[in-house]
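Once you scroll down, you'll see the structures, which are given as structure tokens.
Heads up, the next two complexes both have subunit A, just with different partners, subunit B and then subunit C.
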Partner chain A sequence: MNKETISAGQLAALIISTVVGSGIVYIPNPLTAIARQHAWMSMIAAYLFGWAVLCCLVYMHRHMRGEASFFSHIRKMVGRPLAAAAALILICLLLFAVPAIVAGIANFFTSVMMKETPAYVFSSTSLIVCALTVRAGLEVMARMFVLLAGIMLAVSLAVLLLATPGYHLEYLLPLAPQSVKPLLHAFLVAAGFPFGEVLLFCVLLPYVNAAKPGSLVRKLFGSFAIAGAMMTVSVLCTILAFGPAAGSFQYSLYRLASEIQIAEIIQRIESVIGITMILGSYMKATVYLYILNILVAECLGLSDKRLSVFPLMLICIFLSLTMFDNPADFYTQVYVIWPFMVVAVGCSLILALTLATWVKYRNAEKEGGA
Partner chain B sequence: MAERLAVVLLLFALAAGIQRGELRRMSARDKFGLAALMVPMAYLIVIFVLQADWPNWPDLLRLVFGPPSERIVGMLKGAV
Partner chain C sequence: MSGKETGQGNECGISRDLDGNLAWALQRFDRCQDIVIDRLGLGESLDTAAFVLYCETLIEESKNDIIRSTIRDMIDIEGTVLDSLAADRVIRHFERQGPAVHPSTIVRRLDEAELQVWQGCIVLFVAGWDCAVGFKAASFNKRQVTEPVNEPAVQGPREGTVELLGTNLGMLRQRVRTSRLKIEYVTAGEALKSKIAYVYLEEVVNPELLAEFRRRIADIPPQEIMETSFVDDWIEDQVWSPFPQFRYTERPDSATAALMDGKILVLVDNSPMILICPAFLVDFFSTSEDYYVRTWYSIMIRQVRVLAFVIALTLPSIYIALSTFHPELIPSVLLIAILNSREGIPFPAFLEALMMEISFELLREAGIRLPRPVGPAVSIVGALVIGQAAISAKIASPIMVIVVALTGIASFAIPHYDMAMALRVLRFPLMVAAGTLGGYGLMLSFILILLHLTSLRSLGEPYLSSLAPFQWRDMRDIFVRLPMRTLLQSPRNRRLQRIGPSRSGGRDKGTP
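Our next item is the complex of A and B:
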């Protein structure tokens, strides 16, 4: 079977879909609850952290050309046992991320729209659609997500713009924070979710067909900048609209959309933003399920990657239905444990692999020169 | 419980129905790989169907990463 390839532009769209994806729904609330009107500063700092992780990925990609997969690249760098351990760490991260995203979709529906419907209806249908998309392949997924990411960004921006009459600039004051601790706390949360999560794209890099390396770098950083700007603007707009109360609205963008009322023509548009939120979560869950499937199929040595899609879908469905006992548990796991896992474990792993790549190629160049 | 069991059966029927052709062509290694995935799945299904309060994947993550992450967050909140 030929290796699937996507263009640099399509990878850029996948980055936007995953970073903005569910983050735009879930991040403004905890961040404004922690750092209040200064949350946007933490967001910018977290974006810079994600940027550093992306630099590591770009460096590794330079030495990854011609490799069949990320797993085969790291096997050459650090040997088979350590490569298997690295893949296992990424699998562990994804086995939390995918069910958590899907549980988020189910939570949104059962708490806002369809309160009597069991959560398994939403978890199952979401993951079935994700699994069918994964089975369709990376090329199909990437082509589709270019369009969907555009729609998601356009609708989100439209809502933020239409809500402008309700913004209060004074809610941003005082600009200087009294203590740096809340800012650091908000930074830790946003650095893990969503910016640090870009580390998972290391698995997709060998699938990028970039004729000009400069074009890939430009598009990767460009898309990451768009995602970072979008996330920061959404946090900023939430603060401008709700001020100190921003931290108490769980789905602040949804709440913001419900406040929009322009000349009795444009009103009650929260259902539109609801659809966008589901779209974002679907794209993110699909990309992560695809990455998880590649890693699992390679670790198990399956002859056809599509064989493990449905078993993984079933595992993720049952995990999403059993992993969170209550909303407080969701908060602890997603905003306390998950960011730590991404920053301390995932990003450290990427840094270690980048250093291993650097050392390996530096030694190879020295030997070549001598 | 019957409702949850029906959900499990429905999902399995769907997955098996779509993968019917691939399942027939599987090699021995593929079968071993899928069996490895079935073990955690079976455990999760039992937890879901019985609504059992058994140790789950997030409990393991919480055991390993919970204390350091909560200590850091506690420090940043000024509680420690």
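Our next item is the complex of A and C:
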């Protein structure tokens, strides 16, 4: 695999597809369960947190000129052992994220749509498709996800719009929360999943071939804003439709779609949410598998990066089947442990690396100036 | 004499000794009984001083006295009488290329002389001359220029290509009157010696694309090329892909439009098909007629084609997935109707669909291969009798018959036969996926098909060009067709604009 490049617009599509990805179906449920009708406020706060993480990434990217990859950049900043440790942390995060995403697909199908089919069918087939996509390369992936992200956004928006007759504005009241704690809790969850996860894009940024650096920044933040708006709107719509009950429906957007009934013709359209959910999860898992593969291949110094795709796929399949004992365990790990890990470990790591970059370049500038 | 010289002399060159040449001809054309070797006497004593060689099945009957009339012309021109017209005078006449009525070619090698024979020439060997001269007298029986059967149009030109390369190239030249239209020849094969022409419009075609095309066509000459599709197989990127990576047409107007879009055309002698390369997925949704009819109709018809594409690919599999795995997703009233119609059917939906699809494919194939007068009988027996009987015998449900028939009709509505075939092939794996994993399997198959389409390239260009990488500008002429006034203001191929008076400006914006 030669070094492939994608355009800033394609990176934007990748960001939308990963942030909105599976999150749009999953996230309204835990957030509304925690913060009730105020979940959307936590969502906005979490979006701002993700925005800050993205700022760190852009700052690092600006000082990465000429570096072939993120790994070589941090090796230059903090030395080889620390860089390897940092990469290892990212790899561990991804080794949780990828299996969790496909386990999510499997959970969804085994609990909602196809109850008699065993989970391994879903996790293995979807990961095989992901791995094939990763092997096809970043360019193909980016081209494809521009289309898929468009379809996903359009379908989700259509469902949210069609559900308008069932919205009750009064469900948003009262606006003043009992205390700020549930809000903060929900903020932590959403800051980790999905917004904080944007930190993983640090690995993909060197692959962007932007003619003008300004356009990269504009498209990066623009796409992140679209993704944030989409997530907030979906949480908001779930609250509008179900009110206090929103927290008790596991796949609330799916439930929302099944409530839609317009003139005997447009009904039972929850399958389109199933489509969105598969598409989103597939895209997210593929992007993460790609990032994971790059990190592993660079740590091992592989000449052909495609070599490690299938072994990693196999590891992820096994992990997805063994990590979660039951759906309740999945819930705990994904909505309690994972957000904390992303914020506390991942984002701290990024912050530390950004600081290291800043110190290094400030010193270099001082020396250059003197 | 209006002629041109070709070739250089080497070891198989024509000898000055007439008997040697004659012996070569007799031995070379041994048991080719349609070859005629006529000895000619020249000069005072009418000694054998020349012979003519031709293939009587290839030349026009009225032209076999071409040599005689040429010599008569020569006598007039040289101002001499037959008696004194010796071999040396004849040679001098041809070598100095004196004026003559009949066009001719001078060859210096025996293999070239043989090729001349096979091209329908009358070849004249003269004693003491190390060259031969070929007179064009070919008469090949070919179809007349008629409306193409495969691509009929209600509006627009009605002529179609024929099996004669020269005629086809002529039809292109008639339309594109500029020296920028370049035609280059390649000859392929030892026995067939097929003449392949590739045609492009200079300054419109992307030079990198042309270089890539040349690199690939360089592999062709050793192969025996019987038809245009053989070239297709040799130069395409993915031989195993079900999707056509090049487009065919029999309409000179479509071919001209493709030239203006910067495509390269390939024509092969003895085949009416024009190969247009590269072709992208979106090209298969349009026909030349789209541009001849009114805009609104054209927009509607494009939408119908997209619908046909989706139905032809997915309808049976979606029906299987919904009725087998997700009946809860079908609106209640429709579900009841489906259940009623399926009552008493002994097969699962997947088997039922498979049976119907296979019998439909059988019928279609039988309908094509049968002698024309019997053809309608098959469709009547197949469609009416068997279809009706299958329903009354409770082997297939009426809904399934509707699904299969609709799928069939949709695949006929796709304007390019190659694409319709690709969809027919893909329909079966999709049905298997739907029958085993329901909607999930279907979704995975769609993703895989999309993945394949995204990685596929046609002559090195992404097959999904215009969609992925997405080009907003191109949308004017894909799922809709804006008025020609808008389209022609800024043509899809930006290179065309460069040909304006200034000839300046950079390359068109490349796709990322």
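By our rule, the second predicted complex is superposed on the first by the 369 of 370 C-alpha atoms of A that agree within 3 Å, B and C clash if a C-alpha of one lies under 4 Å from a C-alpha of the other, contacts with A are read in each partner's own complex, and residues count from 1 in each chain.
The rule is short, and it goes like this: a contact is a pair of C-beta atoms (placed from the backbone, for glycine too) under 8 Å apart; a residue touches a chain by one contact, two chains touch by 3 or more.
This structure is a prediction, so every number in the text was calculated from the model and none was measured.
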item	value
Subunit B versus subunit C as contact partner of A:Val129, first or second or both or neither	second
Touching partner for A:Tyr331 - first (subunit B), second (subunit C), both, neither	neither
Subunit B or subunit C, by number of subunit A residues touched	B
Which of subunit B and subunit C A:Leu302 touches, first, second, both or neither	first
First, second, both or neither for A:Phe340, with subunit B first and subunit C second	first
Touched partner set for A:Tyr59, first subunit B, second subunit C, both or neither	neither
Touching partner for A:Lys181 - first (subunit B), second (subunit C), both, neither	first
Which of subunit B and subunit C A:Trp51 touches, first, second, both or neither	neither
Subunit B versus subunit C as contact partner of A:Arg143, first or second or both or neither	second
Parts of subunit A lying in touch with subunit C, wherever the complex brings them together	5-7, 9-10, 109, 113-114, 117, 121-122, 125-126, 129, 132-133, 136-137, 140, 143-144, 146-148, 209, 264-265, 267-268, 270-271, 274-275, 278-279, 282
Subunit A residues within the subunit B interface of the complex	92, 95-96, 118, 120, 124, 128, 135, 179, 181-182, 184-185, 188, 296-297, 300-304, 306-308, 310-315, 317-319, 321-324, 333, 336-337, 339-341, 344-345
Subunit A partner contacts - residues on subunit C that touch it in the complex	325-326, 328-331, 333, 437-441, 443-444, 447-448, 450-451, 454-455, 462, 464, 467-470, 512
Complex contact set, residues of subunit B against subunit A	3-4, 7, 11-12, 14-15, 18-19, 22, 26-27, 29-30, 32-34, 36-38, 40-41, 44-45, 47-48, 56-58, 61-62, 65-66, 68-70, 72-73, 76-78
